[in-house]
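These are the structures, in structure tokens.
In what comes next, chain A is part of two complexes: it sits with chain B in the first one and with chain C in the second one.
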Partner chain A sequence: MAQPLSEDDIYRTSTQYRLWSFSPESLASQRKKTHELAVDRAQRYADRDTHLLTEGEELRLVQRYCEQIRTTSDHFKWPVNVKATAVQYLRRFYLSNSCITYPPKEIYKTVLFLASKSEATHVTLADYARRISTDPEAILAAEYKVMQALRFTLDVRQPFRGLKGCLMELLNMAEGMIGHMEGVEEGMSEGTVVAERTKELPSPGEGSHTKWTPPSNGKTQLKHVQDRIQAAYSAARVLLDGPASLTDVYFLYTPSQILLAALQLADGPLTGFYLSSKLPTDAPVRPKILATISACADMLAAFNQSQVLTKDERAKLEERLEKCRDPSTKDLVKAFAAMRQDGTGEDGAGEEKAKRRKVAREKNEKEGQDLFGPSLTASGT
Partner chain B sequence: MATSPAFDVPAEPPYKRQKTSSEPMNPSSPAPVADLAEQLDNQERKKYVKGKKIGSAHLVSDPQKLVAIKKIKVGAEVKAFGISYDSLREIKFLQELDHPNIIKLHAVFSSKGQNLNLVLEHLPQGDLLKLVQDTANISYTPADIKSWMLMLMRATYFCHQNFILHRDIKPNNLLIAANGEIKLADFGLARSFADPFQPMTYNTVTTWYRPPELFFQAQYYGGRVDIWSCGCVFAELIARDVLFRAWPENEINMVKLICEKVGTPTDDNWPGVSKLKGYVTPSEVIPIRSKDQWMMGFRAIGETGVDLLMKMLTLDPRKRLSAEQVLRHSFWTESPRPSRLEDLPKKGGGIEAMGEELKKKGGELPNGSARGDKIARKIDFGAMNG
Partner chain C sequence: MSRQAQSRPQPTTRRPADSEGQDEICPVCKSSRYLTPTLRFLINPECYHKFCESCVDRIFSHGPAPCPIPGCHKTLRKHKFRTPTFSDLQVEREVDIRKKVGAVFNRREEEFEDLRAYNDYLNEVEDITFNLINKLEVEETEKRFKAYQRAHEREITENASLAEQERASFAALQKEEREQARSRREAARREDAEEKRQLEENRRDVLNRLASGQDAESVAKAGQQVHLKKRMDRAAAAERQRQLQAASASNGSGNVVIKGLRAKQKQEPEASVDPFGGLSFEGRKYYALQDDYVWAGVQETKADVLIGAGGYDVGAFTGRALCEAFAGLGVFVGDEMDERDREKMGKENDEMATKGAEVAATKGGNAAKGKVKDVKMEDPF
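Let's look at the complex of A and B:
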């Protein structure tokens, strides 16, 4: 019988895996290529001594606008999936486009609106435009450009539901409610044993994002374990919301790796315990999986909010961008209108012509028949 | 390219599309240097625009196979919404789904005037509805029905495994490939499963195929809505008539028909149903239709087949089978075996038919036949979350 589908198989068919997953090297080379193309392009219209943005400055500016998207989305009180999708759209956009050509100040509003549509949060364009005090035309102007840069893929796989799943599973374990598990560590398939072990776990270590300490009398009860699990969940959720959006982890790791990394930062011993219920100690893939999770955790831990550009820094970069605006992308609204005109003109005219030709042909045929009677061969057979 | 630390398999696209060396520029492009995204887009376009045009099915022999191009034109609605929800949903989900019984989206590219072009698998044999309706020329057997239904259920199961609700399963969205395979198409109403407590619209799924919970305005639902629609398709294939053909086609008549044909939903057979917003306390309670009664109309499919049909058309969505449970039913393994693809009856609409198929905006029907399927399209976005 055929093998049932595994979650890994399904993930491998996703566009996120096929088009938007990279090694650190390939990610860096993609960005370099994009930056160089933009610089090349700028040579044609900018003064020789224009101080163009460096690749590093571009990256930081994009990061600043990821932060901007998060604030705006929170302002709208949109669910977290809209926010995460919009942030990844912006990051994906700037893998093939440069801030020099398309300043993020203009793109981020389009990206957020597109994410609200693709994630089924319905807000009208007029309403959205009004609430961010922007001309609706300006929001739509870049929509096709964004779709193109996203390579017409809109799905963003996210770690939030998976984390919720871990929370529910851990709570069940603490209560001893677990089903039969095969091939796991000794004793991990028995409810009461598992529940006892959750009480015996060492406290989250130094530097953990969860502040949890066992009760002062040393007698850890179910309720304490439940609190600990909830605390770890909340801390991991914060990491997924912030640092995971503002670093490259989505390009380099899978959603499950990201959420386990966040959980590990939140409460190492608890995460280790959870993983041992999935991965026996002697499983050959275990070291590799753990190393990947750790690497992702390091990346999340290395993020520091103070790295994000301040308002002043952002303003300075944008001032420089303004001085070397590409004339062909400077007025997106106008370019958009022209392109639509052009397109409908061409397509429409083409179809019109074809229609006229058809009408003329039919008319000729009809007249032909009237003049000479029905065709001989047709009547003869 | 070095291996990503995240995977065993290098993160490369399935086929070579990543060539990004500078190409001769599109002369009409306003930009002096095409950026990477533009270059990729241009490559796709060049691959597909050379073909022969028939209707809106644009046939291309390169790369070695026929494809159909569905052009999404920018209409007047673009001013109010930008790219429409329908188009975005279709693109979003088809890009993710790769299954023999789901229409394949090979590529998307943009053309002048910012039209989107969807390069779709070429499916020349029309749709299942045409076979069902052509009672004069087409006859088929229970084995054929089993074969078609199995393909439909595999497609549905695959959607649900990917956390996607189709929300518009009906015979005219089941296209037939040259080799006889069934392909689930039209993802314009699809959406991902919502998170718990996140409401969804109940005003979806073409009326005749819509499950009772949506008529009662349930906003939290799952894969079972599609199973009901599949059950309707199953019954339609057997009886060669729409199961719930409410006329005039409105919600009150639909609920009435469901009560008559399946039974009146009550708190006894569907705990909690009376708490749903749109539930109307019935004046008369028709008992759940017994298996014997079902057998009268659907004997042709056999007792096991009727058992499956009843379980797909169970009122309470919690008791209705899931896609996986449907596939585990003994109907599939019992005699007769499902027909082989090459033995399935075909109608042969040909290339022109596919062209017509693609021209449809969705929800429309051939020859303006009086099926008011357009209703499913009219989702009231203002009132709730889709």
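Let's look at the complex of A and C:
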């Protein structure tokens, strides 16, 4: 008894939906809680008068490092999915950890390396560390910590491939090739009609991101429609790469909604037309879906690149951060080395185990040397 | 004469003098075979002491009586006395014990599925037998023996009757074979006699004809021809006989049963693996896959021999891209997450936050605090 899954059900099986989707309120409360706990902890070791980061500052710092990840990824010329994954890893990490505990400066390199691995863009650790001139140990040190914070879910559902799917379909519609859909609007199931209508679409309005402009003679040909679609695609892709990464849309919306929102920003009439060929007119969810898409589009549109911290602002924040560093997480590399040495990294119970392990190691080394017995002179006397 | 007697070699079958003396004299009445050539010795499997027949009659006719051998206090009954099969009474006893054990431990090789189990069983049987023969741990062994007998009562009787049947059918088979051989011999003899008689008749016929004055040459020829025909008949008969024998031989081999372990029961063929555990992806709502897409990305890939040669189907990409384009379109993250949060207050979710930091803190060597519970790694939902 096969249970048919709709696209929505398929998305609901993902960890992104199950663990990393939030309502705006729950997202805010989660961040607040994390921040408060971190501040609480900071009170224990820091001076009273130190000026801790506020929640807003933390958020902006993380955003700044998302930008940093993007530039670093571009420096490596990695594909866009690595970038998006790494940015999401960082954002997810700082949902349950505060910048006060783990400064993003130390985390973001690890996150990018992890993303390159999970997105199958292979580069050796040595190579990676050399090209961003960092100590390889420092990259590995935070890795387990990051994995824990990610709850060992490495899958990030991204809108890029889906956007290609839309491009594919739109181009086919321009040619009059359409797949059969149930219950869509009158005339949308006729290939030639659809192809005609793509030519008669109103031109994208003021403020659209697309670079396409209607032909000067007012006569829209198939070629123009194709150009329009390609231009909308490129514009949407830029939106997905930039604003989508630097805002919370991945937490609040699904990739499908994000990509359609980006398309809408790029070319509103085209997207509206496309959606009308997808959603049955009498479907009760139709208005809700459209509302969600435009809410997401508003969020993307509201993003302003100038809001991102400048280098100086960042430096200032980090200086303040340095003053209230948690001494226990200060030296991640050392902690990591200690953990690797005795396996557990825990005090007390681990100590004995560590001792035993040390004895075993020494014995092993000795035996390794004595594989062919002690040296001849020693045995001779 | 005396010289001859001396040179005669001792018969090799003779026993050593001392045992002969014991053998030939009844220990109770001291009558010896020398004086009573008809002397018969009997034994009782209770103690395997040997008495002459008249002593047994005399002592045990009036019911059970103790063994007259000094030191042996077994009570013996007359009906248990029998003639020993072996002159060595140790062997006699061993054979008796083996019979007794074999009557109970009568499982067959066919009952076992693997050789190991069968060999283990045989080993157990041999252990018990050995202990009984050599009087080691007699009580415990008897207990084991009895326990087995009680536990397997039904199987024992079943197997015994099965063995009985087999024996009967084997005897019947042998009898039949003997019968067949006899009838074959009979037939051969009869044929022989018949042939001789005909030969005689033929000769007499030729003589008669010659006597009646027929042409000598033609008569001789005719006689020869008859003879030849007879001989051909005989050859045919022999051939027939041989065929008969071959047939019966093959019949015989058809009855031979090759004993061995029980044939392993054929296991149910494994159901084919369903990687999606009964889910199907046919429940699409938002798109219908088309056969072809005009987008250059698809067309170029399709035309590329290098890609196609490896078995890559561009349909895998188009299907996935479209599925991703709409996966989650109808999922309203905000609403659904609110609902979920209301349903089960995701405690673990919230606690995750700074607990992680605390774990790291203890790892870092800050041992001032008490034990901290480790981060829950499993999926909290």
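Throughout what follows, the second predicted complex is superposed on the first by the 339 of 381 C-alpha atoms of A that agree within 3 Å, B and C clash if a C-alpha of one lies under 4 Å from a C-alpha of the other, contacts with A are read in each partner's own complex, and residues count from 1 in each chain.
The working rule: a residue touches a chain if its C-beta (ideal position, glycine included) is under 8 Å from a C-beta of that chain, and two chains touch if they have at least 3 such contacts.
Only a predicted model underlies this, so the values are computations on that prediction, with no experimental measurement involved.
Partners chain B and chain C, once the complexes are superposed on chain A, run into each other and clash.
By the touch criterion defined above, A:T292 reaches both chain B and chain C.
In the superposition on chain A, contact of A:L125 is made with chain B only, not with chain C. After overlaying the two complexes on the shared chain, residue contacts for A:T72 are found with neither chain B nor chain C. Of the two partner chains placed by the overlay, only chain B lies in contact with A:I139; chain C stays clear of it.
In the superposition on chain A, A:K33 makes contact with both chain B and chain C.
Contacts of A:R161 after superposition on the shared chain: both chain B and chain C are touched.
By the touch criterion stated above, A:T198 is placed in contact with neither chain B nor chain C.
With both structures placed on the common chain, the touch criterion links A:T101 to chain B and to chain C. By the touch criterion stated above, A:S23 is placed in contact with chain B and with chain C alike.
Superposed model on chain A: among 59-67, 113-121 or 149-157, the stretch of chain B in collision with chain C is 149-157, the rest showing no clash. Once the two complexes are overlaid on chain A, the chain A residues touched by chain B in the first and by chain C in the second are 5, 10, 12, 17-19, 21-26, 30, 33-34, 37-38, 40-41, 95-98, 101, 145, 148-149, 151-152, 161, 252-254, 257, 292, 326, 328-329, 335, 339, 345-347. Residues of chain B touching chain A in their complex: 1-7, 9-11, 13-14, 20, 30-33, 35-38, 40-41, 73-74, 78-83, 85, 88-89, 91-93, 95-98, 108-116, 158, 161-162, 191-192, 194-195, 198, 200, 381-382, 384-386.
By the touch rule above, chain C contacts chain A in their complex via residues 278-290, 292-295, 297-298, 318, 320-338, 341, 349-350, 352-354, 356-358, 360-367, 375, 377, 379, 381.
Contacts from chain A toward chain C in the complex involve residues 1-12, 17-19, 21-26, 30, 33-34, 37-38, 40-41, 95-98, 101-102, 145, 148-149, 151-152, 157, 159, 161-169, 171-172, 175, 177-181, 251-257, 259-260, 278-279, 285, 288-289, 292, 326-331, 334-335, 338-339, 345-348. For chain A in complex with chain B, the touching residues are 5, 10, 12-15, 17-19, 21-26, 30, 33-34, 37-38, 40-41, 44, 79, 81, 95-98, 101, 113-114, 117-118, 120-122, 124-126, 139-140, 143-145, 147-149, 151-155, 161, 252-254, 257, 292, 295, 326, 328-329, 335-336, 339-347.
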